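Per-chain numbering from 1; labels A, B, C and D assigned in written order.
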Amino acid sequence: MNVRIALIGAGRMGATLAHHLAFSLEMADFVAIADPNPENATGLAQKLGVAAVYSDYQEMLARSDLDAVVIVTPTNTHVEVIQAAAAAGKHIFTEKPLALTLAGCDEAIAAVEAAGVKMQVGFMRHFDPAYMAAKQKIDEGAIGRPVMFKSTGRDPWRTSLEYARRENSGGLIADMGAHDFDLARWLMGDEVVRVYSEGECLVFPELKEVGDIDNAVVNLKFANEAVGNVDLSRNAIYGYDIRTEIIGSEGSLMVGGLQQTPVLLLKPNNVSHDTIPGFMARFATAYAAELRAFVTAVAEDRPVAVDGRDARAVTAIGVAATRSLDEGRPVWLSEIG
Amino acid sequence: MNVRIALIGAGRMGATLAHHLAFSLEMADFVAIADPNPENATGLAQKLGVAAVYSDYQEMLARSDLDAVVIVTPTNTHVEVIQAAAAAGKHIFTEKPLALTLAGCDEAIAAVEAAGVKMQVGFMRHFDPAYMAAKQKIDEGAIGRPVMFKSTGRDPWRTSLEYARRENSGGLIADMGAHDFDLARWLMGDEVVRVYSEGECLVFPELKEVGDIDNAVVNLKFANEAVGNVDLSRNAIYGYDIRTEIIGSEGSLMVGGLQQTPVLLLKPNNVSHDTIPGFMARFATAYAAELRAFVTAVAEDRPVAVDGRDARAVTAIGVAATRSLDEGRPVWLSEIG
Amino acid sequence: MNVRIALIGAGRMGATLAHHLAFSLEMADFVAIADPNPENATGLAQKLGVAAVYSDYQEMLARSDLDAVVIVTPTNTHVEVIQAAAAAGKHIFTEKPLALTLAGCDEAIAAVEAAGVKMQVGFMRHFDPAYMAAKQKIDEGAIGRPVMFKSTGRDPWRTSLEYARRENSGGLIADMGAHDFDLARWLMGDEVVRVYSEGECLVFPELKEVGDIDNAVVNLKFANEAVGNVDLSRNAIYGYDIRTEIIGSEGSLMVGGLQQTPVLLLKPNNVSHDTIPGFMARFATAYAAELRAFVTAVAEDRPVAVDGRDARAVTAIGVAATRSLDEGRPVWLSEIG
Amino acid sequence: MNVRIALIGAGRMGATLAHHLAFSLEMADFVAIADPNPENATGLAQKLGVAAVYSDYQEMLARSDLDAVVIVTPTNTHVEVIQAAAAAGKHIFTEKPLALTLAGCDEAIAAVEAAGVKMQVGFMRHFDPAYMAAKQKIDEGAIGRPVMFKSTGRDPWRTSLEYARRENSGGLIADMGAHDFDLARWLMGDEVVRVYSEGECLVFPELKEVGDIDNAVVNLKFANEAVGNVDLSRNAIYGYDIRTEIIGSEGSLMVGGLQQTPVLLLKPNNVSHDTIPGFMARFATAYAAELRAFVTAVAEDRPVAVDGRDARAVTAIGVAATRSLDEGRPVWLSEIG
């Protein structure tokens, strides 16, 4: 039996996920799209052959012939949409972050658990072939005990000023660092217990005016005493740069690279290649694979790969690391609940 | 208006192209599958939601509501299927090679031209992002005048003995070299005029019994006097290895690489990574893109990217290079028509 | 006129520098070796054709026909040997670190300045072709304003327990981090003003017994507000791993790599290469070049490339970062003078 | 007992080898330099501390206190100098090629064998760490049976027109190909039995006027039936490009790379690094190591690594491959003696 699925939020990222829902998932029937902007929803529905369009997602949730929803709305609406979807008995795939606050995460988790539905959060790196291979090698013991975690997350462009505000994105550390904090927990198989951040607005002074920074380094301490560091930058103007290292007692792993296509141009005393333009290009297969995993989990009634409690833990690290930046001191995760 | 398209041949490669027809091409309606083995066709049709199945492709060609066909039948049937499809007024996408003989190529081209339909041949590297980027750089003049062409085509496994026979595949040089000979013409923007081959059966003695070899090097001379070399091997047991270099008067290009996923495992005095498992993994996006290009050419009535005359020229190089191997002398393309 | 030069300390590193003094420096006459162990000194002198050997370096310093000394004694003797050499009017090249304490650094600097001799400290990365190229590109403005500094320093082996003690090496952060802190100042063209360290003893429990750790991450804050991170590990069992990144407003630089010789071994689904065995292999040319630079500076009476004040600043960062580890808080450089 | 050694020929390459003789070889006493141009010899002798200088090498050979000579004279003088040195009972290190003709090779070999002296020929790649590692892996069986040999030899500049003449260098194929033909024999552990060349003058028309070409590909057939290809170019304007592959039945090897220093510059959509400027930079350690090996072989009375018969075999391949180019047909090595 196929999973009847609908999309809530037909913006840029919504359109990407919608494409995968429409074309890559044999086990899903993509039946409806909801978006307050009817042009977004209608255009996408026509292009992808989706039958129904709604400007009010609540109306769509009322349909009994709907099994699951994919939520790609602005972050500050995640909790209320999740609550509504859970109350309607729909399984939920939501884009990350679950919420910017721990209170929001807790409300979402409570709603989902009360309704007995599944919720997967869109930390898509769990479905990237490279990160999956790394995770498998760690689990096989190829590097022994992981003792240091290093991760780089750098964007080639400045985000919009509106998005950069703390209330919208959580700021550089919570926003861009979320994927790295997620990797830290997943790959190290451990919890972060203390963080310390250094960060500044160095390249885009306009970010400072909205309270954000553009470069940061965050030290991590894990429960099992391993250490780590995440660096984040908005000015990797060379290209999208996502790399992770796990140093183990018996070997190490490096995940990621800088090159998009395998072409070298050789000119006098210069060999050059391209870079990765952005996260869509880097993680194209992962976006399809995370939806496939969600649909499969729903269809076969199995646990999802990244659930609400995972997402809450990621938010907690981001909140703590941001507080560290604000207060100029190491912050224990236990301080923030 | 969408292009109504059908598949002829539902084997392994047919299934791959069928998947792209079903899921990746908004401008195509995938309406039917023909295969003499009804299980192949039916299974694929059900999986992909294709309405009609035929065991006799001729019957399918009789449908008036069909615009185009994708031919993925055994090579020795290409000409007759193309003739039938052309006679039925259908546009044609055919897997490479067009035919193993120049006579076969000529018959197919004549049928297509008489019927006034389009025919694209499946030299999919024209649609690989890396080779496309290289071609664009050459056309922009980034490397000046191309003066040397080098290409490597190596498979990680031995082909079946049945397929290896000259009458089925054309033998190692014509079969595996076809893509390299195609690249030679396309990237150098020139015609090959003379070839010389060295080759032997060195690793798989059973190939010798069916008249084939497993390793070869083929020197090329171009009309504009540029030189080239293609090396072919069936025992690249490390992985699928496809690389090309174009040396120019003002720079050079290298296309291709050995790594599938960007993961390094670091062990004592050893850094290792994976390899590319096979052509499906390496050229996954190219297979989708070539079909998209064909459907677009049909829908918009524009020329196809790789036509019958291109395919004939590739066959001619393969025939000449194989004759060179047999006769132990350089062979001019002009000798073989 | 050649510089008449002598070596003080004929241990393993002393022997390496001695080889360069004997064979690579046309402008130097290598005239004497002093070492309390007469076997060390005599063996080396015979092998390299050095005329005089001393068990007491003070005696050697009394020679009037000696222009300069190269000090490769245990760190805790650096200050007294420097004071003696300066008092004798000899120019000084000393291995890093200058001293483990700021007081020691100050005494050494005072002695040198009072005597009016030159002193160069052995931060040899300033003379490595890769780091030199990076520095030049930064100075040319190729990456705009440097805003983030990242550096990795990892050894493939555990140091001796005796050396690991704080009183002998300064501990992991001060000892192994010294080169990275030196790079931080040099490449960023700025001073570190605040540090925060996380570190643990995770792989070699015996290190804990002598008060040391084996893995650490150190966040840096610079005077111009740039940020940075240094990671250090004693269990890079794969090989010596020294890499540095400088992220700038208009580009970035990566220095360093993992491969010693350009040889790839390709086996089924596995491409592998070797690693760099240790610092001697990685920085072989730099050790020769730093001595050449010192001899040239003496011969031509020009300033040395890395002087006592540079070395003091590096010690200060190490002391602050170690205090941060001990006290679990960010430490300002201004706190420690 | 040290080997008393002298240099014959103090040009550019002679000066390079002289530097190694003077500074890197503890077992050699560098006692004299001969060069018809007294300025060359005197300048070099003063710089390196060599006691005696001769304008007539015959006079130098008359010294009884001389054990060996290093011959770095123009190729067309090699045979006569070798004959004189052998007649004087001196061991001989000669730059490659031994001679441009087989007759010349035979005369030199006969003189050496008659005199009972040792002769090593300067195919220095045998002493390059990367090629040595590859050879060792092949000998250990890491790649099973070698079945294909591929080698690239490309210079970043056009040679002088005078040198390009057949009578001076042997032309592109014999001259630049010599190192690749040497590698072919050494790494494959086999003899080349047939060659076929394609080549043209495509970039530097002035080379055509002196009878030379600038790009060539040479197919190889080995006695054990393995196949191979060498490509040669004078217009690798990007940098010195020396790479070799050996494809085996159970694995493969790639030797060589394009990068001189491990520095990446990252600019918008572009990652670039430097290239290798020339053979001196690429093979610096090999030049020192080959002389060390020669001196050791003399001192310990052991066979040299690359002798006259090896060098003759390399010349034979070059002669055959050049004849193939001239006559437009495959040429058997047996044809040319």
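The working rule: a residue touches a chain if its C-beta (ideal position, glycine included) is under 8 Å from a C-beta of that chain, and two chains touch if they have at least 3 such contacts.
Note that this is a predicted model, so its numbers are computed, not measured.
Between the contact lists of subunit C and subunit D, the overlap consists of A, B. Chain pairs A-C and A-B differ in how many C-beta pairs are in contact, and the one with more is A-C.
Averaged C-alpha coordinates give centres for subunit B and subunit C that are 57 Å from one another.
Chain geometry summary: the mean Cα position of subunit A and that of subunit B are 39 Å apart.
Of all residues in subunit A, those that touch two or more other chains are 236-238, 250-252, 264, 266-268, 274. Interface residues of subunit C, counted against subunit D in their complex, comprise 23-24, 26, 47, 129-130, 133-134, 137, 142-143, 250-257, 260-268, 274.
Residues 156, 236-239, 258-259, 264, 266-275, 277 of subunit B are the ones touching subunit C in the complex. On the side of subunit A, the complex with subunit C involves touching residues 145, 147-148, 150, 154, 194, 196-200, 202-203, 214-221, 225-229, 231, 233, 235-238, 247, 249-252, 328-330.
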